[in-house]
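Both complexes below contain chain A, partnered by chain B and then by chain C.
Up next, the complex of A and B:
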C-alpha cells in the first residue's frame, strides 16, 4: 500500500515531477504552488536537523554582522532621544505636549493604541495559528512574539507618562493604600490596565517558555567550546592590527559568559522526555490562554472610547473593528521587520519562505477589508441612526479640519491592502515591504483620526485644533527607537527562529520518514512502501 | 555533556525563590508599618517656646476650649490664641497695683510667663510650633465638624490631660473616611444652632468641649443606637466625593 505523502516525497526529491509548478518562475522559491494536491515545503535547501540548528544558532554565534553596529547605534540614539523627551515631560509637565482642552488625548493615546495593536500579530501567530495547526507559523512565531513584547513595552510607556504625575502611576493598580481609595472599577481605563498587564505577562511567559529548549541548545553549544576566548576590538580595524589599536582590544571568555547566560535562562533544561512532555502541555495551555487575549485586549482598549458617551466614539462596532485593525497593523509590522531580516541573515529565506510572506499578505488583505468595512459601517450607522450629533461627528471626521488625516487613513488602510488580490503584489518582496509600511502609517492615522473627535466639542465656542509640539513628535520617534533597539538586541542574542518547532514541521520529523532517526517507528511502513 | 554549573547551584533556585518571597513580605510588612502616618505622624510632640499645659488650664482649671480657641465654631480654622488672651489672666501687674486691687495676675512673677509678657509688650507673637497640618490640597473645616457634633475629642483626644500637646490621630485620608463613612461612631448630642436643646431622645445633651463626658459617652454601651439616632435627626451626610475636601 502506498500512500502519497507530499512532505516525504519532497524530502526524497521525488515529488518534483508531480508538481510542474515548481519549475514555474512564478513559484519564486518553489513554495508558491497553486496545486491543492501538493503541499508546499516549509523548509527549503534540503536541510537536515543539524543544519537547521547550525544556521539559526550561527546568527548568534558568528561574528556580529557589519550592518548591526550602525543600526544599533542609530536605534539606541533615537531611543536615548525618546528617553530624554520622557524625562523632559516628567520634569516639566504634560504641557510640553500639544494637548489642550478640549483635545486632552492625542498622540499619547494614539501611540499607545498603535503599539498595543501591533503587538496582536505576535499572539495571533503564536497562539491562534498554533491551535489551528498552521505549520507555516513556526518560522515566524518567535520573531512575532518578540515584536509583541517590545511593542507592548512601548505601548505601556505612553499611558504611564501621560498621567503627568508619573510617581503617582501606581494608583492605576488597585493597591491597598492609606487613603482608603481604589481606582474606579467601572472605568474602562482600569480595565485597560488589567487587559494590557495580563497580555504582557502571558505573552512574555509564552515567548520565554517557548524559547527554553533553544536556549538550552545555545548553552550546550557554548559549553562545548567553553574555554575558547574571543578578542573584541574596535570596529572594522585593519588586519593585522597596528600596535596602538591592539592595545584597545579586549579578550574575554565569551563562550563561558554565553554558557552562563543561556544556562541561567534555560533553567536546567536537559532535553529529557519528561521535560518535553511538560513543555508541550504548557505550550498548548499558554496557546489556549493567549487566544482569547487576542480578542479581548484590543476590545478593552476600544472600550476606552466606546464606553464614553461621545458621538463618534460611543459605538458597538469598536471592539471587533479594533481587533481587526490590531491584527492588520501587527502583520504589517511583522513584515516590516521580517523582510529586512530575511535579506540580511544568510539562510533565513530557507525558513521564511515566499509562501509564508504570501500568507501574511492574505491576512493583511482580509483584516484590511474588515477595517474598511467597519469604516463604511460607521458612516452607515451615523446616517441610519438618525442622531444628528453622530452624523455631524462623522462628517467632521471626513470633511472637517482633519480631513487630510481621514483620507490618509482610508488610502493606507482600505485601498492599499487591496493590491494583494494580485499575485504579483503578494510575491514581490520590495512591494510588500512598501505596503507594510504604508499600512503601519495608515493604522497610526486611524487612531489619530478617532482621537481628533475630541477637538469637536459640544459647544462651538469650545472647538479646538490639536497640533503636536516637537516633544510630541520626538517622543513618538523615540518609542520607535526603543522598539528597534530592543529588537536588534533580540536578533543579536536570542534564537530568532524557534529551532525545535521548525524541526517539528520538517519531513524528517515524521516517524515514517526514512531519514527519521527516532526510536523504533516506521520500519513496517517503510517495508510495505517499497 | 559537561555541565556549566556546579551541582551545589541546584540549591539556588529554591533559595532565591524563598529569599525573594521573604524579602517581599518584609518590604510590604515594613512599608505597612513604618511608611504610614500612624507611625511617622502620630505622637509628634514638639517642645513649645512656652511650656503651656493643657492639663492645668483645660483639665484642672476647667477652662472651656473655646475660651482660647475662639473661632472654632465659626471659622474653618481653629485659631491659636494670641498673647492678649493669655494676658487676660497673666497680666504680670506690679505689686502695688495688685495690692490696690486694681489688677489681678495669675503667677505674676513666673519666669515661664516672662516670654508671654515680653511678647505682649513688644507685639511680636510667640512662635508656637504647629502640630496639626494637613496638606495644601486638603481643606478641613473646624466649624462644620464641631457644629455637626464632632467633639474636639474625636481628633485631638483628651487634651485636658495633655501636659504637652501632641499629634493624636494620623489625619490620613483613610482616617477621615473612616468617620465620613460611619459618622454614627463619633457624633455626640451637642447643643448647636440647629438644635439648641440637643436632639430629643438621644440621651443627655453633652457639651462638645467636655472631653471627659464625650469620651465616656463615645465609648459607652448605647453609642450605636444613639449615634444612629443623631445622624438621622441631624440628617448628617458626610460627603465622600473628592471635591468635599480637595477643592
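Up next, the complex of A and C:
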C-alpha cells in the first residue's frame, strides 16, 4: 500500500474557482471550458444585481420590440384558425377528421401526446434539476415552465374535443349524476384526466409561486413610475418637437395599470426574510411534488396504449420510454423557443450562455439515445417474444405502408441527436436550432407511428390507411398558433428569466465574495427589489 | 475563506482519510472464509441431495451471483454519471463508489460460478427434463419439441450466451479498471486532467453500460424461463443495482464516519444528499417494478402472466407482497422526513434493510423457477454465502488505500457542500 501525503495546498487551491479565460476562442463566450479545476461562470458580462434586474425587467418595460407585433398578429390568426376548426368539428362532428375504422384514433391523440410530452421539460428543469442542484437551470427554468403550461393547455384541448359529443366531456370527471353513471375507473383514459389535471395544477402553482418575487419587483418598479411625468407632442409631429406645438405632460396610465396588475399578482410580497423562508420551503416542496409527476404523467399517457393487448402497443418498457421521449421533445421545444429569444432580446446571452445551450444539447442526446434504446428493445423483444402478431406489427411499422413515418422517426429521434457528440455541433447555434426542430418533428412522428399500428387490423379485410383531412391538419397548426400566442404574451408581460434565482447563483450571492462585503451585508435581497 | 482552511486541514489529515494499517484484516478474512464456507455448503448440499435440491441450491446461489455482480456494476454506473455531470459535491465520496466498483472481479467470478456450478450439477445428476439446469433452454430434454425454443434458438445458443458474457465482462472490467486508474493516478500525480479523461471515457461508457446491463439481465435472469419476455427487464435490473450500490456505498460511508474517519469529507449534508439519492432510486425501482408487473397483470396475456402467476403461488406469494412493502413502502416512509435522512443511525439501518430487500427482490425473480418447491435451508445458505464474500472483499478494498480522492480538483467544492433547505 502506497501512502500519498494529502496535499493541503492543492485542496486549498482548488477550493477557489479560477477565472476562465474569456479570450480563448475554444470556450466560445468563456463558458465552454473543459478544465476540471474551473467552474464556468453562470452569468456573464460582469453584471451586478442591479443590472440583472434592469435587463430582465427592461424586456417588459421597454417599448415593444418591432418584431413582436407581426409575430403576434400571425400567431393569433393561426390560433384563430385553430379555434374555427374546433368549432367546425363540434358543429359538424368528428367525421370531419380523417378517422375511420380501423384507424379510429389518430392525429387527435398524436397531438395530445406530443403536446403533453413537450410539457415535460419545464417541470424537469425546475424540479428535477433543482433537486440535483444544477445551477445553470436558473436562467431557463421560468421560460421552460411557461412553455410547459402552454403546451399542456394545447394538449388538454385534444382529448376534450376528440370525444365526439363534446358537451358530454364532463363525464370524464367523477361527478355523480342522476343516472348514477360513474366514469370507468379502470380506463387509462380516465387516469389521464387525473394525471394531466394534477400535473397542470402543480406546474401552474410552481410557475406562479416561483414568479412572485419577480412580480413584486415588477410591481415596485411600476409603482415608482406612477407619478413619473412624461411630456410628448402629437403623434404626427416631427422630431425634435418645434416650439409652437402644444406639449402634453401626463403620467402614463399604463404604469398605474402595471402597478396594479403586478401588485395583485405579487400578493403582498415584501421581500422580508420570513417571506423568503416560506418561499424557499414551498419551492422545495413543490419541486419534490413535481418530480414524481414528471414521471407519472407520461407513464399514464403510455398506459393508454400499453395496457391494451394490441401488438405493438402492449410492451412493458412503455412508461420510462415515454418519459424519456417527453423530456427529449420538451428540451427540443425549449431550444426552439430559446434560441430566437436569445438573439432577439439584448443581454439574454449573458444569462443563457453557450454552456447552458450545450448542456441542453447533451440532455437531448442522452434522452434521444434512451428513446433509441427503447426502440431497439421493442424490436428485439418483438422477435424474442416469438409472438407472430407482435413481430408482424413491428415489421409493418418499419417496412409497411407507413415505412416513411417510421424512418422519419428513427432519423429524427435517434440519429440526429447523435451529432451532439461533436463539439462543433453543440456550439453552432443555427445548427442546434435546426436539430431542435428536427427532434420535434421526429417526436410527433413517434406518436403517429404508434397510432398507425391500428391500420393493420387482425383481419386482412379490415386493413386501412389513414389520411388526414384538411381539418386534421389545420387543427394541429391551430394548436401551434395557440401555443405561440400564449408564449408571445408571456414574453411581453412576464419576467422571462427568474430574476431572484439568477442572482442566487451569481458569485456576489456568496457571503464570502469580496463584492458582497464591498456593498455591505444583506444587499443580496434588497437589490432584488429595485 | 477561513472556514475552508480549517476544513481542508482537518479533512485531509492522514488519520482522517486513511484507515490504520491492517485495519479490518481479521474482519475481511472472517467474512471471506465464512462466505466461501457457505458457498461450499451450498455446493455440497446440492450435490448430496436429489435433483430438485440441487436445482434449489443452484438457483439460490444464482440469486446471490446476480446480486454480487449487480452492486459493482451499479457503482460503476454511478461513478460514470458523477463524472458526466461534473459533480462537485460528491468528490469526497466518489472513492467509496470506486471501491465498490473495484469489486467487479468478485461479481464476474460469482457469475462464472453459476456457469460452473450448473455444469457440475448437470453432470452429477442424471440427464432428463428434471436435470438441475439454471437455464433450462440448455437442457436438450427440456426444449425437445418446444415451439418457442424453435422460434428463439438463434438467441439461445451456448456460443452466443458465453460469447456475450465474455464481452460484458471485458467491457465492465475495461471500464472499471480505467476509471479506477484515472482516479488513483490522480492521487499520485495530482494531474487534474485525469478528471477530464475519466469524463470523456464515461460518455462512451454509459451507453455501453446501458446495453450490456440490459442484455446481461436478459441472458442471466430473463432466459431462466425462456418462454417469458419483458422489454422492461434491463431497466429493472439497472434500477435494482442502483439501489443496491447506493445502499452499500452509503453504509460504508456511515461506518467509516462512525469509526472516526471522513470528518468534514462526509458531513450531514453529504449524508442528506446520499439519502435523497437512495430514496429517489428506491422510488425509481418501485416505479419500474410496478410498471412491469402492472402492464402484464392488466393485459392478462397468458404467455406473459404465467411468469408472475408462478410467483404468486405458495410461499412466493408472501414475497410478492413482502418485497413491494419492504423495498418500497417502508423505506419511502422512513426516508421521507428530512431529519431522519440526516441521521446516520436511521440511514445506516435503512441501508442494511434495503440490501436485504434487494436480495429478496432478486430471490423472488429467480428462485421460483424451481417449479413446485418451497423454501429450503439451502436458500439462506446459498444467498448469504456469496454476499458475505462480497462484503469481505469490500472491507479489504476500502481499507487498502486513501478514503477520498486526495487530489481531485473538486475536493474543495465537496468540502464546503451544504443544502440550503
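Definition applied: the second predicted complex is superposed on the first by the 469 of 530 C-alpha atoms of A that agree within 3 Å, B and C clash if a C-alpha of one lies under 4 Å from a C-alpha of the other, contacts with A are read in each partner's own complex, and residues count from 1 in each chain.
We take it that a residue touches a chain if its C-beta (ideal position, glycine included) is under 8 Å from a C-beta of that chain, and two chains touch if they have at least 3 such contacts.
Every value quoted in this text rests on a predicted model; they were computed, and no experiment measured them.
**Q** By the touch definition at the top of the document, which applies to A:226: first (chain B), second (chain C), both, or neither?
**A** Only chain B; A:226 stays clear of chain C.
**Q** Have a look at where A:263 lands relative to chain B and chain C in the superposition and call it first, second, both or neither.
**A** It touches chain B, and chain C stays clear.
**Q** In the overlay, work out which of chain B or chain C sits against more residues of chain A.
**A** C
**Q** For A:308, is the partner it touches chain B (first), chain C (second), both, or none of the two (neither)?
**A** A:308: touches chain C, not chain B.
**Q** Is A:280 contacted by the first partner chain B, the second partner chain C, both or neither?
**A** The answer is second: A:280 touches chain C but not chain B.
**Q** If we overlay the two complexes on their shared chain A, which of chain B and chain C does A:165 touch? Say first, second, both or neither.
**A** neither
**Q** Answer with first, second, both or neither: which of chain B and chain C does A:178 touch in the superposed model?
**A** first
**Q** Given the touch rule stated above, what does A:292 touch, chain B (first), chain C (second), both, or neither?
**A** A:292: touches chain C, not chain B.
**Q** Considering the complex alone, what residue numbers of chain C touch chain A?
**A** Those residues of chain C that touch chain A are 1, 3-5, 8-9, 11-14, 17-18, 21, 85-86, 88-89, 147-148, 151-152, 155, 187-188, 190, 192-193, 195-196, 199, 203, 207, 210-211, 214, 218, 229-235, 276, 283, 287-288, 291-292, 295-296, 298-301, 303, 400-402, 406-413, 415-416, 420-421.
**Q** Mind listing the chain A positions that touch chain C in their complex?
**A** Per the stated touch rule, the residues are 1-8, 10-16, 34-37, 39, 131-134, 280-281, 283-284, 292, 295, 299, 303, 306-309, 314-320, 369, 373-374, 377-378, 380-381, 384-387, 421, 512.
**Q** Which bits of chain A are touching chain B when the two form their complex?
**A** 177-181, 219-220, 223-224, 226, 259-260, 263, 267-268
**Q** In their complex, what parts of chain B are in touch with chain A?
**A** Interface residues on the chain B side: 1-5, 10, 13, 36-37, 170, 172-174, 177-178.
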